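Each of the two complexes below includes chain A, the first together with chain B, the second together with chain C.
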Partner chain A sequence: MSEPLTCDVVVVGAGMTGAACALYAARAGLDVTVVDRGPVAGGTTGAGEGNLLVSDKEPGPELRLALLSLRLWADLAQELGREVEYEAKGGLVVAANPETLDALGTFADAQRAAGVTADPVPAGRLHDLEPLLAPGLAGGVHYPQDAQVMPALAAAHLLRASGARLLAGREVTRVLHTPEGTVRGVRTDRGDLHAPAVVNAAGTWGGELAARAGVSLPVLPRRGFVLVTEPLPPRIRHKVYAADYVADVASDSAALQTSPVVEGTAAGPVLIGASRERVGFDRSLSLPAVRALAAGATRLFPFLSGVRAVRTYAGFRPYLPDHLPAIGPDPRMPGLFHACGHEGAGIGLAPGTGLLIAQALTGHPPGLDLTPFRPDRFPPTAQEAEQ
Partner chain B sequence: MNPMELAGARPQPAFEVTFDGRTVEALPGRTIAAALWAAGITSWRTTRDGGRPRGVFCGIGVCFDCLVTVNDRPNQRACLVPARPGDVIRTQEGTGHAH
Partner chain C sequence: MRTDLAVIGAGPAGLAAALAAERRGLRVALVDAAPEPGGQFYRQPAPALRAERPQALHHQWRTWTRLRDRLATSRVRLLTEHHVWSVERTPEELIVHALLGPEQEEPAEVRARAVLLATGAYETVLPFPGWTLPGVVTAGGAQAMLKGGLVVPGRTAVVAGTGPLLLPVATGLAAAGVRVGALVESADPGRTLRHAGPLAGKLPEGAGYAARLLRHRVPVLVRHTVLRAHGEGRLTGVTVAALDARGRVRPGTERRLPCDTLAVSHGMLPHTDLAESLGCRLDGLTVAVDAEQRTDVPGVWAAGEATGVGGSGLALAEGHVAGRSIAARLRGAVPDPGQWAPAARARARLRASAGALDAVFAPPAGWAERVTDDTVVCRCEEVTAGAVRAGLALGAGDARTVKLLTRAGMGWCQGRMCGPAVAGLTHRDPTPPRRPFARPVPLGVLARQHEENTDPAPGSGPDLDAGPDSGAGPDLGVASDLGGSPAPDAGPAPDAGPDLGAAPDPGGSPAPGGGPDPDAGPAPHDGPDPHGHHTERGSS
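And now, the complex of A and B:
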């Protein structure tokens, strides 16, 4: 066993959310240690597309967190934009038929009232924004606030910028507490870390970490595949997706759902999403899922049918039953904070989450109302109720 | 020593492919990468950003470093694609889609 380490806060999880928590906590003057059983960005962070979106969010707490986070991302981009491949590219949501366009228009009206810039694009103007888009679409909405980063680079650079101590390849086996139930650190497979505060930024595995602290948090995985094309010269300018995507994101179905989401990257390959399935932590390739992704993408961009897809990867979005993350102090255990369960939006929501956690750690009033994100908002399991 | 002798290989007769217009002999069963290596060619792509030379790195289809243009189709993995008689192999510049 190594020498016990002492610090102000232990962040569990070296993904995007853990990195953002570390950065804002360190900038608030705290001595931070980040611990992860895997490498940096080894979980959901390394398996996504790096979307920073307001376009897919309805008015409410998640949209408020997204708007805060996008402002913070723009600030971070001043420092680290090139390193993290930040691109304020904007989003373009398209509707295939008049009915979908009507629904999209109503959705965008509500978003606009909540502070989102959402500009209607008539069918005749779609190709000014995306010249290679399929013909015959009914219209769309342009969201200039949507942006993109390369998520693994973003987590790594935010961690580096935080100056936090990083302990990768080290697993937290339990959260230590006093007899009165106050956090006093974590036990890892290689020694204890002593700290009066622990942040659960374990993403899809946040429920497991909560259990190691003796509290419940019902985080579950929602699998998604991304299809990667051969590198291309820049041809797709925005993040482009079909209006049906919003309905899929909000859906509670366990079955496979796909709606095309297409975007270019700074490195050249085009990324094609998005599939959603509830199949536990099963990583095996699903041919129906990637086939549906390819079919959806070529419907939006016919030229993609002549482009080679070179690989695919899968990840697990961490979701909570009401599709909102858990952010803030856990009233059941003083010193325990949660920052997980962001589903497929974690890269975008990370800076806001990190800032809110830093405010909570230092006793400052939160910049957003944390009530909708309370980690103890779910009914206790039958087992807990018994105790 | 010639590795074919070590392995006791008795391949079928060689056929011809071209690399950037130059004729190269290839043995049946060899990948594009193997045929080019056997001809002393170790680089057949330049990188997208710096224009630096690239050839085989992993050799097993994982790293996508050995991408090459074969019969006008760019981004093929030289280490996986079998050479076939008459293949027109060209050095790939950047994404290979510039032209």
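And now, the complex of A and C:
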């Protein structure tokens, strides 16, 4: 084993969030090492669609984080837009009937008051925005701030831009601390890394990493399937979804939920989401889930009936019980910071998260109130309380 | 339709299993994507071509005619042009989902108590500079053109790569009147075969090919490789070079051979997509089975190349064992392995030779370094070797991340063509790919299945707001008629008559490649078809 490596901060996790933490920490002048048990973007980042959304968020702390992140994404796109396939495509949320449209309108009014651009689209104008949409829809709302990146490329290029040291294929087995309980680095399966600060950006495995630091963080997986079509010429211009998606995102149900989310990509294939179910880390194909996705997508865009799905894959959204991420210092262990639990919104929320973590690491006041994201906000389970 | 056993793949393994199970009283559906049974090994010319002597292109023609005749007189339901995209396991049964005909737009289902995966294997071709030129074809593709279409791919050919498939392809092309400029084999099989015990039975067969090569004046260059294919818009020749014992090019040995066709192959890979998405345990790149050919998923058996590439004789033996095991197990009986002892012995012997052949025929070390940065590796997405190497530099540590960062393997063929190449460039052993859909499936087919499996939606028009749970809980497979299908089984039939699976021809099985799959991915000369008319892939 070589000499233990010493740096200012170890970021655990080379996904989107870890990459953003590394970037903003490095730009704040810190010497950063990123360690991951797999390759870059090997977890949830590599299984996502790359959504940068405000449209699906109700007013509150997550929307504030999303608005901050979208501003930062627009800056990042100046440097890396082409490499990460950044597209400021906008979102279009549609309602099938007047009742849903009413509810959507009320939701959009509240978002507008919170700083979101949300333009009502009457039924007669929907096809100006999306010519191939199904007929007979009641109307919708256009969200020009919604955007998209290719998430694996985004993580890889942000990491490269950070200049941070990347140690891939190394698993953190323990977070090291002093007898007083202050972080002093991590132990990996291939040696120790010494640093006064450790950032938990381990995504779905963030709960496990927290446990290896001796603290609890109830991160759980929520499975989603994405259907990918054969490459098509550009036909779907926006991220298009049905208004009931918002209800699904916020739902607490463990059962399978699907609501159609359809978008084209720069590379040609159309991506179809979004299913949600809590089934642990089961990656096996669920035909009921992908059938429901296809049914929803073809209802929105009838032309898709004749288009072939070439593959489908599962990913696991890391979520916390109140559906907000954990961001910031952990008062239970000085030097430990968390940046995980972003559920299905991690790509979009990453830059804001990275900036807030960098501010915390350097002792600057946070750009957003971190209270709603406090990592110790969950009561310990009965089992943990016993220990 | 509903049946006892659904056999997927009508090649040697599937045919042997279907016949063995049918004879013992099971209702059997034999499902295959091709218009005719036989698989890649017994690929048949289309009847409209009126071939007079198709047997000239085949080995074991007698075995095939016996299988064919028995199939014709059996009660096996032969379902041709059924392209299987998934097998679904429900608490009650297994459902084989297929798409019909060349268009692959209309769905069909076979519901069965047991499934045998006899999905075969597909050909591997590793990239080299110039391999995308028109005129470069897979060796299996060239053979399929001969067997199925009775056409020859060119006038002057070079056959190159590695593996036992090269011999029959070279002799087949020569017999069809193509001038074969050279057979270029990167291994040194003669030298190894002379020292290999399990391959002793292969020597007469190899000698037969050698005699035919000699008769057609085909020069054989062992321990040689094709460095580059040349041509402006079309193949005009190749540069070959000798390799040293470590697989490196021996400087100064390069020379150019003119040709308009290069038939190239680097071995075979099992089709494991259906097994993988059913959750069957894989052993490396093959489906793991027990002595009865059972996978570890209840109700699912596997036989033939899917469980390890070993040729038609091995496939017949495995299929026979599987058919008898299934017949017993579906009756609730424990089969007596003594009943299939001859087949089990053939299986053991042929597996040993297949293992020895694998050791002999391996791509030469250093092939990946010889792939220039501008060489296209993934043809569907037009990803070059340079882009793959850039992906590695960006932090990709494995083939999956290379795919994410470069799109290599994301296209129409889903990495069937470029998977081994990307693994090699990534310095990793190939891993079993994850392909939940064994072939592309129209969204409309999936959508209709959703509607059929859920309560009929009231009213018409877009129903986007059926509530967040509109997709929940489709009841799988409980809705359709149980009494529909006739059950003609008259109980187990007496075990008599010639037993095809038990003793493959004693001369050993030629063509250990077992049946190339010319369409495993886009054929090297034409690339992916953007309109989705990409056709058959193996016998799945």
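Rule of thumb we're sticking to: the second predicted complex is superposed on the first by the 386 of 387 C-alpha atoms of A that agree within 3 Å, B and C clash if a C-alpha of one lies under 4 Å from a C-alpha of the other, contacts with A are read in each partner's own complex, and residues count from 1 in each chain.
In this text, a residue touches a chain if its C-beta (ideal position, glycine included) is under 8 Å from a C-beta of that chain, and two chains touch if they have at least 3 such contacts.
The shown structure was predicted, so the numbers you read here are calculated from the model rather than taken from an experiment.
K.L.:
Is the arrangement of chain B and chain C around the shared chain A a clash or a fit after superposition?
P.N.:
Aligned on chain A, chain C clashes with chain B.
K.L.:
Once the structures are superposed on A, label A:72 by its partner contacts, choosing first (chain B), second (chain C), both or neither.
P.N.:
Neither chain B nor chain C is touched by A:72.
K.L.:
Please work out whether A:32 is in contact with chain B alone, chain C alone, both, or neither, and reply first, second, both or neither.
P.N.:
Touch status of A:32: no partner.
K.L.:
For A:227, select first, second, both or neither according to whether it touches chain B, chain C, the two together, or no partner.
P.N.:
second
K.L.:
For chain A, which side has the bigger count of touched residues, chain B or chain C?
P.N.:
Chain A has more residues touched by C than by the other partner.
K.L.:
Could you look at A:297 and tell me whether it touches chain B, chain C, both or neither (first, second, both, neither)?
P.N.:
second
K.L.:
First (chain B), second (chain C), both or neither: which does A:308 touch?
P.N.:
Touch status of A:308: both partners.
K.L.:
After superposing on chain A, check 147-155, 201-209 or 327-335 and name the one in chain C that bumps into chain B.
P.N.:
Looking at 147-155, 201-209 or 327-335, the stretch of chain C that collides with chain B is 147-155.
K.L.:
On chain A, which stretch or stretches are contacted by chain B in one complex as well as by chain C in the other?
P.N.:
230-231, 267, 308, 310
K.L.:
Hey, which residues of chain A end up touching chain B in the complex?
P.N.:
Residue positions touching the partner: 230-233, 267-268, 308, 310.
K.L.:
What residues of chain B sit close enough to touch chain A in their complex?
P.N.:
Touch list, chain B to chain A: 48, 64, 67, 73-75, 94-98.
K.L.:
Going by the contact rule set out above, which residues of chain A touch chain C in the complex?
P.N.:
Residues 14, 38-42, 46, 94-97, 99-100, 134-137, 152-153, 156-157, 159-160, 166, 168-169, 227-231, 242-244, 247-248, 251, 253, 255-260, 267, 269, 272, 275, 284-285, 287-300, 304-313 of chain A touch chain C in their complex.
K.L.:
Quick check: in the complex, which residue numbers of chain C touch chain A?
P.N.:
Contacts found on chain C: 86, 88, 105, 277, 279, 381, 394-398, 400-401, 404-405, 407, 410-412, 414, 434-437, 440-444, 446-447, 449-451, 453, 461-474, 476, 530, 532.
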